[in-house]
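Structure provided below as structure tokens; questions to follow.
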Amino acid sequence: MSVLIAAKDLRVERRSRVVTNQVLPFAGVTMVIFAFALDKETVLEQVAPGLIWLATMFSLLVLVQRAFAIEADDGAIDTMRVAGVDARAIFVGKAVALAAQLLALEVVLVLLAIVLYRQTVPMDGVVLLVTTLLVATCGLASVGTLYGGLAAGVKGRETLLPLLVLPAVAPVLIGATRAVESALGTVGAVVSDGWPWVGLLVVFAVAFGVGGSLAFGPLIDE
Amino acid sequence: MDPAAAPAPPVIELTDVVAVLGDFPALAGASLTVARGEILLLQGPNGAGKTTLLRLCAGLVPLTRGTGEVAGYDLTIDREAVRRRVGLLGHQNGLYRDLTVAENVHFWGATVGATATEISAAMERLGVGGRLVDVPVGKLSAGQRRRTALACLVARRAELWLLDEPHAGLDADARDELDHTLRQAAHAGATIIVASHELDRAGALATRTVDVIAGQIREVAA
Amino acid sequence: MTTTNPDLLAQVRDGADVGPVVTSTATRGTRILGVLTIVSMVWLVVFGLGFSPADRDQAEAVRILYVHVPTIWVAYMAFVVTAIASAMVLLRSRKGSQASSSLGWDRLAGASAEIGTAFVGVTLVVGALWGRLTWGVFWQWDARLTTTALLFVTYIGYLAVRRLDGTHRQRAKRSAVIGLIAVLEIPLVHWSVRLWRSLHQEATVLNTDGDIDMDGLMLFSLFVGVIAFTLFYVWLMMHRTRVMAMEDLIDDRGLDEALAARRQEGAS
């Protein structure tokens, strides 16, 4: 059932191309305007991992809004609830689709960082980098889907979502940035420093993955 | 027409139901009994509570006071189970605009494990088979979209159909086709409730009519 | 008469004559509690400002801690209460959706979160003042401060969810879920911030650990502070939950009136 929902979400994206045509450029633009705000190039290089994840966070908000907008568009969310689809399946399905889109976005951001902020990826950092991206994405997708479901059904959703999501993903911001710093060797960080942070990200992803699937049903129910 | 089966339990049994939307009591003590196989017409002015009544029977809106049973399940305890047996077609269609007819119907059919044959049959019966199957729903006419939504209901094997102004936005031919479909569905055993302003047309279609006024229900003398 | 007894409330809702109209949420209980709170606050002032000695390193500034520490302590306690009450709401609402006791737990959760958030706000402000006096800066990005700031924002989010449109039952369920998730978030945030700050010791020449060596009288003053603020919390809770119950009652009465009006509309 979740597979069905995830596939459906991705198929919608493939047809409508909103993420590729709007969200990715948005992420790219944020990376560029960071450079306008943070004048010195040395500073940019040092904080590049942080900027990658900042851009990711903002894009997450947009992606989540989009994920639930396709349901609200024609009243599909009602239909899905009436279809008696298990809330957990909806959660997992949407979270997986969201994670896939988020992951693609993060890869692009990393590439942009390499180009715009002069980052380099040492060979021994690649595994750490990839693992961080994967694990952080799972956590972010879980939080996003959970709060997105809540916000989708209420007035003021555009402002409620950031208020709920951003404090909740603070641990990911902290952990993922440190891990990527270690992977890229920014500010002299070493690869081995990064793994404890990955541990934190794993715990986060598991906590919100499990907690989210349990909480999603009661949260969206009327 | 199927006569109302006396020994079988009613599909809907509502007693003095109060349902609120925010602060407003949309349903202010509504009682209704609907037998299997009936085509019931709900008529009444805007704001009378017809939509809320339909959504209540679909298990989407909770009861604030009173008791209700739909498709054998208690609305105060087991709305999930009610939802599974029921199909709701609201003002919107609940379709994914970017996906084709086939993809939409397949998706909803898969939520109940319908076979490919059942799904194709549903599309054929509703007249959205053949060439239309691979057209994105967003490109169809209003009537075709309405029929696609009904095909989804059929594919889901809903035993109770709740239709909110299904004729709205359709031209005369489309409306005829719709009526034909509904009669067929009732013959096949579904119970259908239609809320409509189209008194003449819907009146010809329905086996029974009730007035919904100010959140309450009154039988209309035959 | 003031009560949160559901039977009595139901009577009031049905229009029964239950005696004089409720005009305040005060009872003998709250008056006694209020007096105790004032007394303990006076003690706090006396001991905090008077009897307890100045600190070796911080001089008089240490006295702020007698307010600062109790407020955060009570805030944490308040959030634990919110979490427990949220769990109760969810457990109660499983058994059958007409349970009105789950609404009582919901009010408890909400009131506690409100007060807790306010106390965290006070903690941050008072702490900033203390920081200015002792470290020379209002704020530092160390583990404790960062976690507290995130705590504050997280519960602001909780309060925002409470204010969403919907029936009382919806509010109860939603808030309960968010409340429990908030409790899940806190240790995660704490852990990550701790780990973060322990690796970056560069900024902190200043010992922000805050656990000062306290001798007898200072410890006692702190203790008095904790008692005083806890009593204050309980007093606030009693009033706030009662006000919430009355607000809900008004909503219910409003529903009855709206129902009557709607039926009228139908009859005419």
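Observations
We call the chains A, B and C, going by the order they appear; numbering starts again at 1 in every chain.
Criterion: a contact is a pair of C-beta atoms (placed from the backbone, for glycine too) under 8 Å apart; a residue touches a chain by one contact, two chains touch by 3 or more.
Because the structure is predicted, anything quoted here is derived from the model rather than measured.
Relative to subunit C, the chain whose mean Cα position lies farthest away is B. Compared on C-beta pairs in contact, B-C and A-C come out with A-C as the pair having more.
The central chain here, found by comparing per-chain C-alpha centres with the mean of all protein C-alpha atoms, is A.
Work out the mean CA point of subunit A and of subunit B, and you get 38 Å between them. Per-chain Cα centroids separate subunit B from subunit C by 47 Å. Averaging C-alpha coordinates per chain places the centre of subunit A 32 Å away from that of subunit C. Looking at subunit A, residues 222 sit in touch with two or more other chains. Touching of two or more other chains is recorded for residues 62 of subunit B. Those residues of subunit C in touch with two or more other chains are numbered 165-166.
Considering their complex, residues 1, 4, 8, 11-12, 15-16, 70, 73-76, 78-85, 222 of subunit A touch subunit B.
Considering their complex, residues 90, 150, 153-154, 156-157, 160-161, 164-166, 170, 173-174, 176-178, 180-181, 184-185, 188-189, 191-193, 195-196, 199 of subunit C touch subunit A. Those residues of subunit B lying in contact with subunit C across their complex are 18, 20, 22-25, 28-29, 62, 64, 76-77, 213-216. For subunit C in complex with subunit B, the residues that touch the partner chain are 96-98, 165-167, 169, 251, 254-255, 258-259, 262-263, 265-266. On the side of subunit B, the complex with subunit A involves touching residues 55, 58-62, 80-81, 83-88, 90-99, 103, 107-108, 110-112, 136, 152, 156.
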